[in-house]
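Okay, so chain A shows up in both of these, paired with chain B first and chain C after.
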Partner chain A sequence: MTEKSRVLSTIAGSIVLAFLVLPIFAVVPASFNHASFIRIPPEAMSLRWYEVFLNDSEWWKALLASFRVGLLATTISVVLGTAAAIGLERVTPRIRAILLGVVLSPLIVPVIMTSIALYYIMRPLGLHGTIFGLAIGHSLLALPFVVVNVGISLRSIDPNCTRAAEGLGASPLRVFRTVTLPLILPGLAGGSAFAFITSFDEVVVSIFLAGVQAKTLPVKIWEAIRVEFTPVTAVASTVLLAITLLLFFGVKVAGRRLASESAPHGR
Partner chain B sequence: MDAEPRPLSFRKVTKSFGTVRALKPVSLQVDSGEFVTLLGPSGSGKTTLLNIAAGFLPSDSGALFIGDINVTELPARKRNIGMVFQSYALFPHLSVFENVAYGLRVRGLPRADISRRVTETLLMVQLDGYGPRRIGQLSGGQQQRVALARAMVIEPAVLLMDEPLGALDRQLRKHVQLEIRRLHRKLGRTTLYVTHDQEEALVMSDRIGVMRDGRIEQIGTPDDLYRRPVNAFVASFLGESNLLRGRVVQCGGTEASITVQELSVDVAGPCALGLSVGGEAAALIRPEAVTFDVETDVGLPARVVEVVYLGELLAVRFTLSSGQDFWCRCFSHAQVPAENREVRLRWRTEDVRILPLDMAGSEGDVTC
Partner chain C sequence: MGEVIAIRQLRISSRATMATAALLAPILLFMGTCFILPLVELLRLSFTGGRGPLWAYREIAESEVYRRVFVNTLLLALNVAIIASLLAYPTAYMLSRLRGWTLSFAFWCLLFPLWISVLVRTFAWILLLERNGPVNRTLSAVGIIDQPLSMLFNSTGVYIGMVHVLLPYALLPIYTAMRNVDDRLLQASDGLGAAPLQTFLRVYLPLTLPGVAAGFLLVFLLALGFFVTPMMLGGMQNLTVAMLIDLFVTERLVWPLAAAASFWLLLIVLLLIASAGRFLNLTQTVAAR
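== the complex of A and B ==
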């Protein structure tokens, strides 16, 4: 590569990267704005809108609802997704390809379509507007991430490992608890994080299914921005971003530790 | 669980994968405390047989007995077997101690007993003090010994080993072969061992079963198989062999003779079963049974092609008048023949063995 083309590709790459992270640099500074309107860049720095956010019980309720929905959705999708991933390893490749397509379909089907379908199912069942109903909806979107992450972990296990445990007298449940589960922990951690993040910043399904009780943070932000265009929405977005990043890096670090502990060296 | 070694017997066990018949009816008895090796090329069904014994694969028909108990329908966890895998299959998230202790914990033994037995077993495989190490910190040979300890510590009725030395380098393999033999002599576990390495089989086994295409071609002591193979396949699979192909001209009980048309020569000697006059056969002459002489016109004419120095032995390659290669081995203090020299090859009649070419197609043949 010549000097000139290297410079050009560096510039092009920088522009793409900037485009990817730009929203962060727009919204985060805006949250520290003193003025009553979102201005980019902010004119005077202040924590004024953080005070407003923290003192408003509506925002706290939304944050709490987000956490409850997120944790519930994570639990549901991790349990079902892990079971699905294990099941997929045991069928013939042909059937696996078909079933995997079905499991991954929520990623392909337009979310608006899923939302409408869920809305019509949840209403008569009385699940509309409940934490549980919303958690079920989010699990649907989170499931593919769990299945894929756990599946990768499962395939890295020597199949003879579980056979060895079985041969030593362990029941299937014990084999799962003492061999399979510890070995897929990195995948499980990654899958859980993705599941939680998916639920935590999900808007479309949430708007359809959220009532008063299950109003999550993104739904609240969306509502707030329509009535009052104050920087408090920027604050809420920043909080959302901070929690997501924290979780993401936390799991990355934990996952790497788990992987390095159980990785077989010197093969 | 009982701690006694038990005999293991397969009774007319079959297995197919789709249209492939992996095991034609196989019957095999491994006596209590015996070390039997299944030797064969890949795809011959030896690992399938082992997996059926372990309970990892269901057989299509036939029965499997451990001692007096029919275990055909019993899941792997209830068979009390110890299995050593080629990939070791150690638990990477557990320490050496916990790997070995696994089977004892499953059996609910008291803590003190577990600790004592694991320590004893690690000592036996010369890994004392390695208990707290992680699996990832061990070399291949050490991992192999942990796998061995893990399988033996539960005092299994039967010990099964699937090419456990396959991943080790040659030097280490020789060492571990002798190690496994020593442990077997000491503990007397009923052992079924699978390998495609003939040297491994010869060194360790009480008896060897040579497998091909889902059946056991011959089973016997290493000496039996080497000296009295039942067919040309077994002869060529075990040890070095010279095979001269021809037609049976005479066949009377334990002796037979064949005409090798290409060489216009008759070869006679003791014979295996399954020969018929006029049928195809081969004369087996082991390289160490051949002598060569330059100052005679008695014997098979041949020309020296190359002389390979093997340390204590010399391997000499000859070409016969038909163009076929013929090997001879002799001690290296013997006179080294010059290359391209014309010589005469000789052997004693009792060192020849006349064998049917192929057992697989000879089931219906008239035997003499």
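== the complex of A and C ==
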């Protein structure tokens, strides 16, 4: 490989990375528009549309619904996913591959299909338009991240650690609580953060399951973009972006700290 | 004596089996009732409607309009996968050469978009590609265009938006393949007198091609079922299968057709996985966040 190809790939690669990251932030200047239409960069800056957003109880309700669905979906997927990841370590590779395939399948089945199937089955059950119904749908999409990331953490544990605890007479539950859990904490934290964000950001399942009662922030933005095209949608998008950003950097920083703390014991 | 030990071991192993079953039962129960059961119900629904058991499947396959939607969706997914792979290859090469903080930074750039809602990413493109948006104004200020280009509600917008959203999925497997290339092989090729292009074509490209295949397939699969981006950036003349299914459910209220279209789509997805699934490593993609 020549120096020329290296320079060319660096130029192309930098442009591609910029193309990946920079456009996302277009919603930020758009949210500071003063006019009732969106222009980037704004001709006159103001916080007018932030006032509209903050004074509208509908947006607050959507934000609250998003948090409630997100927390419930994270709880469901972390509890089920962690148990499954531990169980998967105890079965034969063949069975593990099959079960993992089942767990990962919601990522391969087109989401629109999952959405309409859930919508069809939940409507007569009264789960349509509820926080719980949405959380179930989101858990399906979030579970793979928990199972895989916890699984990776589990495999990085030195089996001698748990064996030592067992040899010293600890019950399986105690071994889990005092040895396994602290060691898989980084993977668990990463998996659950991504589970939360998967739910918090999710659009397609949410559009079909939200109904009138359980509109999350993405559903409300989706409707707003299609009905009115005012900067308040840019404000809502900026809020969604900001919350995600906080969580992303929080996880990256905390993940690094947790990893460096458990590194001497883990492996 | 030996018998007692054997019985005790049997008891321990059966208790271990019980524990394993107890750990796996909740997720299987959950997936069974909340994922597989609804899909089975959808399958049952696809055979209803009273005009013969397979009428819905036949209607989708035989109607000129629906067939065109499927062909367009396949072409769209194919093109998006090609463009994404072509853009991802040099980028992955750059990443594979980076070390230290520049690598961390580049990796953050790559992973960060995966955390941001597809909705926000797509909405950003509406703002950027508008008639009076920054892209058009920049292009006309530089003098490349006289008239503003219309890039929204047609295929241009859909392509830009979908490549943007799906590119990271192409990049990750290619990057992994490149990281695993042993530099000594390239040096050996150089040492034996191969020209750089020859080394690339005969050593580096074949070694990294499985990664390209994995990235390509993943993008292709995800693009096939895409809903939000084509719905927001495309128009009704760029109907995708996902939009068609939505139309059947929310506007036309013909559930059998929606279900049949879904299963046609799933069949395509499964055929793709059956023919090229060995390249696909979903676990790795899910773990890379």
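The criterion applied here is as follows: the second predicted complex is superposed on the first by the 256 of 267 C-alpha atoms of A that agree within 3 Å, B and C clash if a C-alpha of one lies under 4 Å from a C-alpha of the other, contacts with A are read in each partner's own complex, and residues count from 1 in each chain.
Convention: contacts are C-beta pairs under 8 Å (C-beta built on N, C-alpha and C of every residue); 3 or more make two chains touch, one makes a residue touch a chain.
Here the structure is a predicted model, which means the values were calculated and not measured.
Asker: First (chain B), second (chain C), both or neither: which does A:L80 touch?
Answerer: second
Asker: With the two structures laid over each other on chain A, which partner does A:S105 touch: chain B (first), chain C (second), both, or neither?
Answerer: The answer is second: A:S105 touches chain C but not chain B.
Asker: Looking at chain A, does chain C or chain B touch more of its residues?
Answerer: C
Asker: Taking the superposition as given, does A:L8 touch the first partner, chain B, the second, chain C, both, or neither?
Answerer: A:L8: touches chain C, not chain B.
Asker: Which partner chains sit in contact with A:N149 here, chain B, chain C, both or neither? Use first/second/both/neither.
Answerer: Only chain C; A:N149 stays clear of chain B.
Asker: Under the stated touch criterion, which partner chain does A:P186 make contact with: chain B (first), chain C (second), both, or neither?
Answerer: Touch status of A:P186: no partner.
Asker: Per the contact definition in the header, classify A:G70: touching chain B only (first), chain C only (second), both, or neither.
Answerer: neither
Asker: Name, in rising order, each residue of chain A that touches chain C in their complex.
Answerer: Of all residues in chain A, those touching chain C are 1-2, 5-6, 8-10, 12-14, 16-17, 19-21, 23-27, 30, 38-41, 76, 79-81, 83-84, 86-88, 90-91, 99-100, 102-114, 116-121, 136-137, 139-140, 143-145, 147-149, 152, 172, 190, 194, 197, 200-204, 208, 218, 221-222, 225, 233-234, 237, 240-241, 244, 247-248, 252.
Asker: Taking the complex as given, what residues does chain C use to touch chain A?
Answerer: That would be residues 16, 19-24, 26-28, 30-31, 34-35, 37-39, 41-42, 45, 87-88, 90-95, 97, 106, 108-110, 112-113, 115-121, 123-128, 130, 132-134, 164, 167-168, 186, 196, 199-200, 204, 221, 224-225, 227-228, 232, 242, 245-246, 249, 255, 258-259, 262, 265-266, 269, 273, 282-283, 286-287, 289 of chain C.
Asker: Using the touch rule from the top, collect the residues of chain B that touch chain A in their complex.
Answerer: 54-56, 75-83, 85, 87, 89-93, 102-103, 106-107, 134-140, 150, 154
Asker: Tell me, which parts of chain A touch chain B in their complex?
Answerer: Where chain A meets chain B, its residues are 158, 160-161, 163-171, 174, 178-179, 182-183, 261-267.
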